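Both complexes below contain chain A, partnered by chain B and then by chain C.
Our next item is the complex of A and B:
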């Protein structure tokens, strides 16, 4: 999966699940303060990302380190690249 | 202890005629029926009733996402009705002491679609990880009350009486008590419910639904009629603003009527069958609390859902108390049975009938059933000065509820 594909798929999650306009979806956007998500939304973000990317991340401790949209891209990329390496 | 007087100063409705009290009253005035053939319901094996009275044309995105995400369909209805009711009452929450403002909204259960979706998501693989965060808030029994309170930022008493089809009348009765006792000054109260094949199915397996009119949905339901064959589920929400009388007068509010009597009883006999004797006691107690005689009731808004047994029991109970002296009609021929919302939607329409001096008839009542004779059925619109009304509501579990209101 290319970086661009990860970005597009992740952005689609934010557009569809959280009704955020595409123009606001920039890598440095803070998912809480800039994009307006809260603790409940993070649960839904995990569910949506698991469904979109076919990954299991609910118990991954690194989820807690996510702050920006760019962090989400990197987090997913690391998992997908790890899958490829395996 | 001096009990406070309680008046109704605002109405909000979402009915199968659409959002708003006005479409409901226009639909009643026009003698329209909202029953539809429900596409896709034939996929449910064993479901015989394929008709319903759905709400259409609702723009749920009007409600901000953070408030909406925990709302199932019934809570969306409730938010719509709440906005209308408060606007109608001329209430600006920003200028209220919110600790004195309550919210009491009942329903038979949580959001039926959400409950169904949750189990469909979880059960095939017994996998909870696909459940989203707000599903529970849509499924819980007090979902409509909680979501409405959250939507409006209410911090007073929030309650959700659950009594199946009597839920709305229980809510209004509870709100009436809260204000009478001085616990709250203003309460948004009523009921909400949503249509889903599994909801219709719960009546269908008990042979309580209409099954003969799938090809002619406009002909059903038929309360009190010879050819009635069961209820048709509808959906929606009815909310009333109940307010302490002195306060309402002081602020110059428009007063639809005063709640003067409420009663609820149980039959203690059968979990699904209604019972005339306990209905009679319920109505008597409501009249007694209102300090009115049967002669002073100008109109009865019936529960009558068009089930064989329920209509007969209500007709017999009304006949025993009122004979054929008081006009009675059921609005379910127009809007179906909106279950936990029905008491409030129908009371709202009754208050408007009282205001307009007209009684709308039981739609689809063409030939009075022999077992429903002896009461004064309204079969055409009747112009009449209506000062005092009785609203009935009955429910599974042998639950009865009755409210008396009068104009001021």
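Our next item is the complex of A and C:
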């Protein structure tokens, strides 16, 4: 999966599950302060990302480090790359 | 200089009366509720106790009148036949007292600090106000659902803390999840002027008019298909628009 495909698919999750306008979906957007998610919404986000990318996401330390949309792209990319390596 | 002196005098006047109310009225309310408890069920006692707290709030907020006026504006009619979840913006420490305008039996969702206030904290705990910071979401939903089933409305300040300025902060989603999980309708409440009467970071009261504007309910039937996030954004947008209108009219 290319980086662009990951970005597009992740953005689609934010648009469809959270009804966030595409114009606000920039890599620098802070998930909490700019996009308005809270800790409970993160659980919904993980569920939606799992379903969209067909991956299993553990709510470990790396998830807690996510701050921006760019962090989400990198996080998903790391999981997908890990899958390919396996 | 004279203005400052007047402000201190006004606050001295208010806080002296406030203290007298604490000393005189709270024991009176307590004795009244304790005596009626003997002849009544636990549920009715709690109803009476919460009513007494509302009356206490009414007395306290009447103390600074006419220097501080509170205008309650109701858009439509109040339905007290069922519990609601009230969604309020939060600019001032006075906001918890302003809820005394509501005719419903209610509890407030608060952080842990109100429970630390001597006397009042004990009463808040006894009335089953919920300290959302010190419970898991599951514990919170369980306790809040029980209250709603008993017919008790729940008042939220979903910004979680007082806003730094007139811009409303992002909402936490707990209130909206609770509404969707329990099938409860929401009522947005917009407050302005409170940030002038008692600004964040100050315990001095200043003269002014506070407007408490209750918007029409968002009935459960009309919101049930929404996600918690979409619902909280819809309510945030609605309240943000209303606050702008209220402030442009001021």
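One rule holds in what follows: the second predicted complex is superposed on the first by the 83 of 86 C-alpha atoms of A that agree within 3 Å, B and C clash if a C-alpha of one lies under 4 Å from a C-alpha of the other, contacts with A are read in each partner's own complex, and residues count from 1 in each chain.
FYI, contacts are C-beta pairs under 8 Å (C-beta built on N, C-alpha and C of every residue); 3 or more make two chains touch, one makes a residue touch a chain.
Everything numeric in this text was worked out from a predicted model, so none of it was measured.
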Contacts of A:47 with chain B and chain C, given as first, second, both or neither: first
Chain B versus chain C as contact partner of A:81, first or second or both or neither: neither
First, second, both or neither for A:38, with chain B first and chain C second: both
Partner chain in contact with A:18 - chain B first, chain C second, else both or neither: both
Residues of chain A at both interfaces, chain B in one complex, chain C in the other: 18-19, 36, 38, 40-41, 44
Chain B - residues contacting chain A, complex: 61, 65-66, 69, 129-134
Partner chain B, residues of chain A touching it in the complex: 18-19, 36, 38, 40-41, 43-44, 47, 50-51, 56, 58
Complex contact set, residues of chain A against chain C: 17-19, 32-33, 36-38, 40-41, 44
Contact footprint of chain A on chain C as seen in their complex: 137, 170-174, 177, 227-230, 232-233, 236
